[in-house]
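Here you go, one structure.
Should a chain be cited, it is by its letter among A, B, C and D, assigned in written order, with residues numbered from 1 in that chain.
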């Protein structure tokens, strides 16, 4: 009962926050100088044409009215039509979203698993050279400049060595081929995914490793570990069954807390690798003054982060009964 | 979690890599041309398509009545059977159509042409409307004949209006009917989703997988197949075009070098040239662009309302530096508003401020111009001994110190060349003590400030795609166009020019018009509302191992002639 | 009991315990239940009880760290609930507190001089030289000598007993009328406790400070106090002179306390 | 106080990661200081406007240009040095501002509690869900190319919530400590308690967070410049990468591509290592979410 109440309250809070972001975003985009019509530099575009187009796009209405329409449309699930593509924003997002989800979740899960595993080992061997080198390695991975790394990876692995396709998500040759079966197509996607995945993986796993290491060190000081030792349990059992599961909790939270930050990296990765996802689309639509698309993509990201934080909080409460919520 | 074993994952990864190596051999049919494009086309709706990428795709589908000859740039009848006939009595043009078919097999008739023109007029399609609004009536005496009646003689009708793409009445009728009933008909029309456009061109779209590629195949009904037009035997000989989306040019270059694309369909940055030239199976094409990159002044307010100052600034700008360094030599210095490549209209005898001077001479010359006009300095750029020294505190002829002088440029992500040019110009202006500041701005803010609010000192902009018809000269400097969102961004007002411009737009005699246009160029370069800087060269590269027959033309090799003449190289070995 | 300086009338304090996310509902815990006390001026008044009995809460209510849920507290007959601004500052000058844990009650980033002078600074007492003089005297009065040696030292450089002396010096530097001493010796060794007691006695006799001495030890209360109140589960079960309470305990709980302390049998 | 510091320093010196971090940092600081030298030698070493009169395209390393020149003949080495200065400036000022804000807000929220706490923390939540890079990107593309200080300010305004959460938690626990109550009993006002008593106690934690914020500020600025949304009037490492990229030298000029990328990575690494080392020395319990961003 309490949990349901808590979730309900949090959802209301999220709705309010979301609404504020929505409003701020609207104001930002409308108050900014210029509009999508202005940027069409074509001497054939006469001022009359421009006025006409502005009227047709509904940009000539008073800002208050535009805002009301905007909110009404959002509530009714109508995200408008992209200025740039002339397509409903919802269609574009639905088209791009699965690609982002595929790349992003795979990389987060893989890097969390690896980070937890290696962090466990590093903590276990605290002070030894394994630990030092692992920590330094993780720090390097975590702080390397992502887009730069991505380009070098492309050059090295896709061009010089030629193991992977350069960029993109699928190769036209395979998908056009009427004989290509499902497996071949699936493999094609995986093949394209390895490099961007590797890039995201490197950035994330370092931070998860460091968190796991710290958390594991704390856990090892707890009384129940001492008890387990006193009972004469095998060291490996203590490490894997007693300490690690508890120590992994902060990694779970940090996945949630750092999500917004990870999305920055996601957008950069998508941009460099031409991965047709939301992040790349957002960067692109922003530079095109495509308000409807940019707003919707940004709000989608905000909503995902907000909900992810809620999920993490609830999950955390389940996993660690000591946590209290006000 | 406890069962998680990274060894297994590593093993899996190694396995993947092994399979990857095995699966690397890609197969492509001999007639398949693979093209790299920077960004996805915006849309397949021809009326919304204002971006270069959509136009690249759609120009292979929708065809105009007339094309330009790749060498002479003269009009070549395309969907039309021959050149239009002009009747000065009724101010009417008559166009006869060649027997062409749509990609669905239906015949292209005069009513399709009339429908297209009426659609543009009725919906006031931006960018097209200005070319058609003066057409008062369209007649279709028979299936193959269209007659256009004009309000008054218009020089641009032949070259500008008759070169728009024609759409099929059958495809668009219903869409138009529905759009008409809506509150915002134009928006409705623009937002209509076109899945498979019906055109008369050499190719039809087979599939567009968003974010990845477009697949086009040969149009079996293409009217030109086997015909000889403008002395060229048309195909197309390629069976498929696969357009891949790259996003970053670096990767596309790698793809070209690696052989996963045959053509790189957008400008290559000069940095890659050395590398590409060294590769045997890659050929690099340099094409002239019909473009104008210029500095525009605000004539509505001091200090740039003073022609002397504008001339002094023009003198200080070292075009050679910009072209040889910033453009790496791949551009031509521009002296007039019309690019030199447009030979018929270009007038070479305009005033060329400071051409070929070195830095010091420029400063001296600018100093002379300014002193003569009454400018003074706290520390003048030329000392008593006549040596060039750092200057400061320039004062206007009325004795006021010059305030912050801003040079607006597009941002670096949009065009690094102009952003850096702005910075260099800032330094040059500071040489004569002007408080110049280069300020790159987001593109739409820049246009808003320059075109909408008219609040600026000077700006650097470019028109990347000028038409071959010089009508833009009139559009850029006509007094009537000095209004918000109007094209006379400088606020240039000169009755003498206005008179010439109006005459030129109605001059139906080509030579008479040429003389007028030359005079206009002379006036503009005397008053320098715009100071032309450069016209970049377009660098394109293709692989030579699979296809041959690219046609070079103004605006590059991606023209309709290339795509209809390109032949696969048979690889029997 | 002619002149009570502090008077509590039916003071009640309840706390709400917070629920956890997954289970449990709100619960109300009664810390003090209708407590009434009168403390005479110049007295050392002992409040004895085991941990959790509400004795610390009583102290905290008196120094206004927390508001009472119900009831009335008065200083010299004037109600002190809801004091604000100037009158609160006035009250703070008169009523001070010595905390239980000398390791926690001193800000680790404050030098001894800063700590002791802080009340002076807050109440804008004197200039720097005068403050130094006052602090010097205060440190002297709690037996830290030579005082100037301590001025620029930090709490972590001092022993527990020294810290508690600093805390006492801070409490009395403003020459308050009333000081709550909340188990000031429970963290200290017995020998040091005796020294602290004598400091308190000294202060009482020389400066006329009234003390509320909160303790869990009847022995300490008996040693130091004139009057004693015994508190048990938030209620005062017994009040009287120290002699009376120990010799003739009326409440079962008091008896249990005495029994637990073999020392009393001998005296 | 002094003794404490010496003790911490001794611990720090034993920490390998801290030592590496500090060494790297000193190297970069030297680079930043040295950035003033090249333009004095010859105006052609001016990182932004100076060009070698004889070179008009990108060339490899030589005696005259240790790391070669960029596409218009500017010296890459002097740009790299100037970039160090910009990186420090951006990193430290953005971090300082965001830590200042975060600490202040965290202390106020934690100390005030109730409605103020609720309002501030919801505000923090709101800002926290926004990916900073994308926010700056949006602002930069909407409001024109932003000046470097504007970018710094925006980064600061969007990076405080993480810090404020930690500081708030710390404040909540400090608030219960007797020395705060002692101050209250002594009559200290809220302002005095926050600034005189709580601030020095949360400062080490704030300082620790500052090293992490320096890292993220540098990365954000670099990524922004790399994408072309930086301040083109400033020679930052990200801007250098953008030039390599946009002028088509990406895979042609390793002497130009590698140094700025390595510098960005190493400088962020050094601050991060410093932070980690400080963290281990300060108090193991302080470790909370530092590594997450």
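The criterion applied here is as follows: a contact is a pair of C-beta atoms (placed from the backbone, for glycine too) under 8 Å apart; a residue touches a chain by one contact, two chains touch by 3 or more.
Being a predicted model, the structure only gives us computed values, none of them experimental.
Trainee: When I count C-beta pairs in contact, which pair ends up with more: A-D or B-D?
Mentor: Answer to which pair has more contacts is A-D.
Trainee: Select the chain at the greatest separation from subunit D, using centres from the mean of Cα atoms.
Mentor: C
Trainee: Hey, how far is the Cα centre of subunit A from the one of subunit D, in Å?
Mentor: 23
Trainee: Hey, how far is the Cα centre of subunit B from the one of subunit D, in Å?
Mentor: Chain centroid spacing, subunit B to subunit D, equals 42 Å.
Trainee: Nearest whole angstrom, what separates the Cα centre of subunit B from the Cα centre of subunit C?
Mentor: 86
Trainee: Provide the C-alpha centroid distance between subunit C and subunit D, rounded to the nearest whole angstrom.
Mentor: Each chain's C-alpha centroid was found; their separation is 48 Å.
Trainee: On subunit D, where are the residues touching two or more other chains?
Mentor: 141-144, 227, 245, 250-251
Trainee: Check each residue of subunit C and list the ones that touch at least two other chains.
Mentor: Where subunit C is concerned, no single residue meets two or more other chains.
Trainee: Residue numbers in subunit A touching 2 or more other chains?
Mentor: Answer for subunit A, listing residues that touch two or more other chains: 32-33, 151, 155, 159, 271, 287, 289.
Trainee: Which bits of subunit B are touching subunit D when the two form their complex?
Mentor: Touch list, subunit B to subunit D: 248-250, 253-254, 268-272, 274-275, 324-326, 328-329, 411-414, 416, 419-420, 423-424, 427, 438-442, 445-446.
Trainee: List the residues on subunit B that touch subunit A in their complex, please.
Mentor: Touching subunit A from subunit B are residues 1-2, 4, 6, 9, 16-17, 19-21, 23-24, 26-28, 34, 39, 42-43, 45, 48, 50, 124, 126-131, 184-187, 190-193, 207, 209-213, 215, 240, 242, 244-248, 250-251, 254-255, 257-258, 260, 413-414, 442-449, 451-452, 461, 463-467, 472, 475-476, 481, 483-487.
Trainee: Under the stated contact criterion, what part of subunit D meets subunit A in this complex?
Mentor: Contact set of subunit D toward subunit A: 16-17, 20, 122, 125-126, 128-134, 137-139, 141-144, 162, 215-216, 219-220, 222-223, 226-227, 241, 245, 250-251, 257, 260-261, 264-265, 268-269, 272-273, 276, 284, 287, 289, 291-293.
Trainee: Touching residues of subunit D toward subunit B in the complex: what are they?
Mentor: Its residues touching subunit B are 48-49, 51, 56-58, 71-73, 140-145, 227-230, 232-233, 239, 242-243, 245-253.
Trainee: For subunit D, which residues are in contact with subunit C within the complex?
Mentor: Going through subunit D, the ones touching subunit C are 1, 4, 177-179, 181-189, 192, 197, 200-201.
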